[in-house]
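Just passing along the structure, written as structure tokens.
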Amino acid sequence: MDYKPLSGREFPRFSGIKTFFRLPHVPVDSDYDVGIVGVPYDGGVSYRPGARFAPSKIREMSSLGRGYHWSRQFNIIEKLKIADIGDCPTVPVSQEKTYERMKVFFESLLKLNKKFISIGGDHSTTLPLLRAASKKYGQLRLIHFDAHLDTYPAAWGCEYHHGTFVRHAVNEGLIIPEKSVQIGIRGPLAGNDDLNFVNKHKIMVTTVDDVRNNFSEFLNNLPDFGNDPTFISYDIDCLDPSFAPGTGTPVPGGLTTYESQKILQALKVKNLVGADIVEVCPPFDPAEITSLAAVDTLFELLCIMAESK
Amino acid sequence: MDYKPLSGREFPRFSGIKTFFRLPHVPVDSDYDVGIVGVPYDGGVSYRPGARFAPSKIREMSSLGRGYHWSRQFNIIEKLKIADIGDCPTVPVSQEKTYERMKVFFESLLKLNKKFISIGGDHSTTLPLLRAASKKYGQLRLIHFDAHLDTYPAAWGCEYHHGTFVRHAVNEGLIIPEKSVQIGIRGPLAGNDDLNFVNKHKIMVTTVDDVRNNFSEFLNNLPDFGNDPTFISYDIDCLDPSFAPGTGTPVPGGLTTYESQKILQALKVKNLVGADIVEVCPPFDPAEITSLAAVDTLFELLCIMAESK
Amino acid sequence: MDYKPLSGREFPRFSGIKTFFRLPHVPVDSDYDVGIVGVPYDGGVSYRPGARFAPSKIREMSSLGRGYHWSRQFNIIEKLKIADIGDCPTVPVSQEKTYERMKVFFESLLKLNKKFISIGGDHSTTLPLLRAASKKYGQLRLIHFDAHLDTYPAAWGCEYHHGTFVRHAVNEGLIIPEKSVQIGIRGPLAGNDDLNFVNKHKIMVTTVDDVRNNFSEFLNNLPDFGNDPTFISYDIDCLDPSFAPGTGTPVPGGLTTYESQKILQALKVKNLVGADIVEVCPPFDPAEITSLAAVDTLFELLCIMAESK
Amino acid sequence: MDYKPLSGREFPRFSGIKTFFRLPHVPVDSDYDVGIVGVPYDGGVSYRPGARFAPSKIREMSSLGRGYHWSRQFNIIEKLKIADIGDCPTVPVSQEKTYERMKVFFESLLKLNKKFISIGGDHSTTLPLLRAASKKYGQLRLIHFDAHLDTYPAAWGCEYHHGTFVRHAVNEGLIIPEKSVQIGIRGPLAGNDDLNFVNKHKIMVTTVDDVRNNFSEFLNNLPDFGNDPTFISYDIDCLDPSFAPGTGTPVPGGLTTYESQKILQALKVKNLVGADIVEVCPPFDPAEITSLAAVDTLFELLCIMAESK
Amino acid sequence: MDYKPLSGREFPRFSGIKTFFRLPHVPVDSDYDVGIVGVPYDGGVSYRPGARFAPSKIREMSSLGRGYHWSRQFNIIEKLKIADIGDCPTVPVSQEKTYERMKVFFESLLKLNKKFISIGGDHSTTLPLLRAASKKYGQLRLIHFDAHLDTYPAAWGCEYHHGTFVRHAVNEGLIIPEKSVQIGIRGPLAGNDDLNFVNKHKIMVTTVDDVRNNFSEFLNNLPDFGNDPTFISYDIDCLDPSFAPGTGTPVPGGLTTYESQKILQALKVKNLVGADIVEVCPPFDPAEITSLAAVDTLFELLCIMAESK
Amino acid sequence: MDYKPLSGREFPRFSGIKTFFRLPHVPVDSDYDVGIVGVPYDGGVSYRPGARFAPSKIREMSSLGRGYHWSRQFNIIEKLKIADIGDCPTVPVSQEKTYERMKVFFESLLKLNKKFISIGGDHSTTLPLLRAASKKYGQLRLIHFDAHLDTYPAAWGCEYHHGTFVRHAVNEGLIIPEKSVQIGIRGPLAGNDDLNFVNKHKIMVTTVDDVRNNFSEFLNNLPDFGNDPTFISYDIDCLDPSFAPGTGTPVPGGLTTYESQKILQALKVKNLVGADIVEVCPPFDPAEITSLAAVDTLFELLCIMAESK
């Protein structure tokens, strides 16, 4: 198995069974380095559902992907064995059962010493990933792209919804808050609970203003994550709605895809143990640009993994 | 309070706060006869989510509604005090909590001796309605419009999803299966469990073939429900996808809206204690005709209630 | 000038400047027999605007048109000199000024002894057409395809909106009500004013029920319009929303395009002096089928004109 | 009445009757401070109609709104009593009658000493607002966000259309041109009439180039409106079509939502007597981001009002 | 290998790698009975392109498929080993090269004694299929569902486009015209070349009128294809645009999906050697109902193959 | 013939036969200076087809165009006689025949000493334009806006597809590579063939990073093209997908329309002999902003031509 994508020069990109980046679809226990896996679950969203279709749609749009990164000057395919390992089992009716299946799936995967990138699903799917990764690697440093702090309290009597994973990850000791960073954050806010939490736990919150006031300085001031086990959770709503309209709870005034690319390229991460891209909602993405932005982010994340190796 | 809709000749139909048929939005304990209520929950769907937006969208489209029925020759507004009583509380993350809130809401409503029409929501929302109505009125006769039998077994370890309410309603003794009827049913099927169940319980299943082989005979042969307490559950996917594309699990070869109108007009029901319209999924309804069909069905259901009185 | 359409076998149908049926665009005073003319005005609609874009969109979709009619067994191009004579001037802000410009335009056209088919625009544009045609030909017999009676009273203090042209046409003596017919009508209704008017004036109202109870009988019982000067006003909402979603005020339970074709083919009209197609609303027609249905109707109307000659 | 929005943590944001920011819908003469009111009229547009649906759509999208402003550091709900006061009566067929109804509505409102934010509607609806506000407060200073100067001459014989309100406001003495500012302006232009007018009357015109050449300087150089009675008219087409595609006459090369936010946050206005947001055209906004941008602007305008108090 | 589809009760239908009916994706030389294969080529269309995306979209929509046929009373999965064998190589820029690759692919497939159903692609892809099948089985009887006769002459100097395959199939002796049938045909026509050809070669042409004048008689009068090697080519535009808007050249007045189902169920074919479904054009199918209709047709074709065996 | 566009103040912009900028549609040999011509061909695309509809859609959107350029301070209509000369004949099924027809058309046009701007079509249509222009004017300097280098090798055995025109133009000696410039380029890349080619031939490649690192410097450092015969090929995918989603192969991280405007305004070109705009794909442009961006670019190109004169 050579883990090469189907060539667009031999087979047109609109043809063939759709896998991530046209890579081979293999069993979980194959000899790849990084497995890309779908987690089609959107039962945790508070407004627009539809992220359950994201893995399928992002597979489709990733047909346009190519492997050579202009500024990093390497081809991911030559650095890593990457595979599509299909979708993690999920249960649309029950978050609890979905969490159970995710636990089994990702703990097994990690036991095999695989890296993974999970394509959600809504942001409530990140918590089980952090639980599994933390169990394997110990406390993690989190790089969290989002419009929202995701430190909100329970809603409708439910502790686990798509705006709470950071709070739980801190409370469960899965991440080191003071060594973690949030990027793309902006208001409006609820104002008290959410902001108080990040302040209390000393999470480094950076807003769109921080990004734009002096971009090169912002890039230079990003922490160095060195060899610490690090997880990147990328909520597509960190991007502005003009770049990512197809998401559950869009917020105007967000990042551009270009800014996001530059930030991802500037990150100093030597040990990226896992990552996810969440909250892509295809039914609300008529021009398909949100899925396309997710494909681009997936490419950058793979590059970081290639450099981590 | 006169329960008159806002007049389209004074206030254009595109203006104003959106309520069902432009009727007054009133508290549950007001002096209306029939309350139209939204149940925005879609956590039970197996494929496309989005029915949570149905109450809001159907309110909007019902702005086009008018009250005088051509063939029944009366105006519903003159026969009934109808009101929009808002939405029942629901919990997107949890079916269990949604069922609890629905139980509280609808039992309270029924204690006030109100009739209701519920605008779902996916078809898993019908079971709590039947539980509440059966508690009030005893075993019910069910008229069930659907493409599917909804007698499917548990899926993914979950007993309650959008394809199981008939099975549970029979097993819990909420309806009288041999005095109930299903309309619009068609294949393909899973084949064993689902069909065996209806056969075993002697539910009268009528298919699109039955409707089309001889329509006037079909209409004449519909059972007379007389004064028996009766519930109508109308899954919009009984209609063909050309008439109702915006639904969770569409099935080609379905009813036309005209056939549906004629069937609803032919029903002999003197005691309609409640009804619902489910599985309208606005994010997949680009031309808005599915919501429009729901508005039309809602009008017919209100007429049956007006004649029940 | 040979009034031949651009051939699809030489120039692909997606190419070229868009005119109706790819026919020549000529000045009003050229030597054609029938002029197809746009009337892009939608200031009279009570709900969805957008019919102002109908002439442009229908020109585009008519690229797919071909000239030979299967059952009539002739090619319209060989029977008639047909031309696109552009759009009548209209004023979006003012119905009054639009009516003035229409009066000038159509009276001039009729002085040249031209037949015309007008592509609206909303249904308020029909009244000026009837005024001009009646001035030329005397009282007309009207064949009116619609979901609505269009005999509604003034709304918001305005006598002339898209639901009133029949009332005014009768009151102004432009048409002979008892020799006119309405087709495709259905409820719900406002109930009193509108229905009373048609009953009082003995307009022959036929509903979708009338069409469907016995279609061949319905076709046979249509009046013979003989050599009487006749006008056909075709509101696209006579069709069911599944066939014509893109319209201002859609009503479920309508005609199919096939039924409409058969009715148009069954009409006995020897002196069709003018016709229009109205209420096509492209912004609400995502699959373009409403415009396509309008193109098909336009073809049938041209055939009737060819046979009138 | 506490003028609190329905909480998203208790009632999911997709549920409930849609009002602006989920605030109470109250009669005009209630004890709120600021009334948000819809003006659903689009009869003045020269190209795409549809703004009549903006109040309804913006109500829907404002369900996502939250009250705490990150940089201003307050919650609007704690500073102001804000209410949804429904829609002003309008007449789709007649601009004249719409102006009359607006005059009655807004003069009554102002007599009650209420502040208001009007959600249009096309830009021809701003003139009656300025007339009413000027009658109450005297000559106003105008802050006008737009791609267009809106000083165009009459078109099609009509003085009042969606590109003329500034000319009339100056000519009628409603605003003080040399103390007013236009933001977001860009070409192409007609060139003579429109530009000459603003030059002659010394309106401060700022273009996108002005904004981008040095943004912080631009923000610093904005006039101080102090306690002068000021009106903000926000045409959504000041934004680039990538941020606001759903508008009547979009112009490439416009502002980003982020720039718009920063400008609104930089404005020194102590006496904002009224404001409007116009030209949101939902039928041309498939990803709903234009309505979302309007919600965001509405939030900033409410903040300015909160600070004005 | 058991050729069972992924169960929807274990893995939700929105999850997993998309294959036709969730069946295994296997190499061409595996031990299946019927291979479903995509032919993503649309270079032969005269109007709307996009059918290249049909295999991918139909795979996605076929997730909703189930195997038990209500009236045939069997489950295809229990009768046949069916597999997804991926896409045939195609060349978007060159019809000639596409034909070459199709020849190689399908001749190889047929050498293995496999049955196939091809999912096009535009209708120009049928000719190579008939060439390969005829080479294997001798002259074929053709059952051709279409709005068009597809006997058109060359266009733009090109013999092979999406409206010519029947002419070439007859001229090359691939099919027996007088033992073939066309279903769903309707006007308008070009009129001479196309109709003359079918008359001359005695192809049995049946129109929508033939279907509707007496449906049960029509079904009874369909020829018996017995054990003759038969090919079914199903152009989705045989359906009315309300059922199949997403196609290259839609024609109003077509079949319903129900009529199509009944015709497919009535066909007496004992030796179906191959079939295709063509002209599904996803970019023009906003509500996805065209792809859904294709899935339903694919199911019926598989059933005919199951009964052929 | 005065080559004035139809005035929007007399005839609303939604009315009339659609031509580029509402200019006269004239025969090729009329006395205009610059002819705008459609080249509706998309047979060369590797992913999404649909650019064949671009000429028609861009004509429609150009109804919004106006002639006075704010910063250049002139009205193109007063400087140039510009006309719509219709569409060049193309053949959807055959690239070879399309190239032949383009050769005939554009060589004839150039013999008449006309300037032209071609509205494609996919990027494979640029090569025949360069061949014709080079034959007339000798070797050209190329200004190439694109996300892609378009120096890719043959694909699927085809030398000419939409990613190869630069390679062929260099190899055929049509352009002077070391005096040409590429703008908007970005990764990901295939990496070897494409980048090696531009390096080897010393084409000046500028990326989005180059544009953004210091924009005013970038603008100042653009080469001076003086009186050298120059051709501008503008692939709309140079823009970011948020500004131009409707294109064949979109790439995130692209230019904004504002940046594109400023670059086009900064170009020092005194002898622009021809230009094209390609890869606008209307079926994937639901909000029509891609076509709108094309109209804006067309306006800038016309301005450059006006200044070239």
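In order of appearance the chains are A, B, C, D, E and F, and numbering begins at 1 in each one.
Note that a contact is a pair of C-beta atoms (placed from the backbone, for glycine too) under 8 Å apart; a residue touches a chain by one contact, two chains touch by 3 or more.
Worth saying up front: this structure is predicted, and the values here are computed from it rather than measured.
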{"item": "Chain located farthest away, centre of chain E as origin (C-alpha)", "value": "D"}
{"item": "Selected pair, greater C-beta contact count between E-F and A-D", "value": "A-D"}
{"item": "Approximate Å spacing (C-alpha centroids) for the pair chain B, chain C", "value": "37"}
{"item": "Intercentroid distance (Cα basis), chain B paired with chain A, Å", "value": "39"}
{"item": "Residue list for chain E, restricted to those that touch at least two other chains", "value": "10, 12, 14, 46, 48, 52, 89, 91-92, 155-156, 240, 242, 284, 286-287"}
{"item": "Chain-level touch network, classified as line, ring, star, complete or other", "value": "other"}
{"item": "All pairs of touching chains, each written as two labels joined by a dash", "value": "A-B, A-D, A-E, A-F, B-C, B-D, B-E, C-D, C-E, C-F, D-F, E-F"}
{"item": "Of chain F, residues touching chain E in the complex", "value": "42-46, 48-50, 52, 89, 91-95, 97, 124, 155-158, 160-161, 283-284"}
{"item": "Chain C to chain B touching residues, read off their complex", "value": "46-48, 152-156, 186-192, 207-209, 212, 240-242, 245-246, 249-250, 252-254, 284-287"}
{"item": "Of chain B, residues touching chain D in the complex", "value": "10-12, 14-19, 25, 38, 40, 52-53, 55-56, 59-60, 84, 86-87, 89-92"}
{"item": "Residue numbers on chain E that touch chain B, as the complex places them", "value": "8-10, 12-14, 63-71, 75, 240, 242-243, 256-258, 261, 286-289, 292-293, 296, 299"}
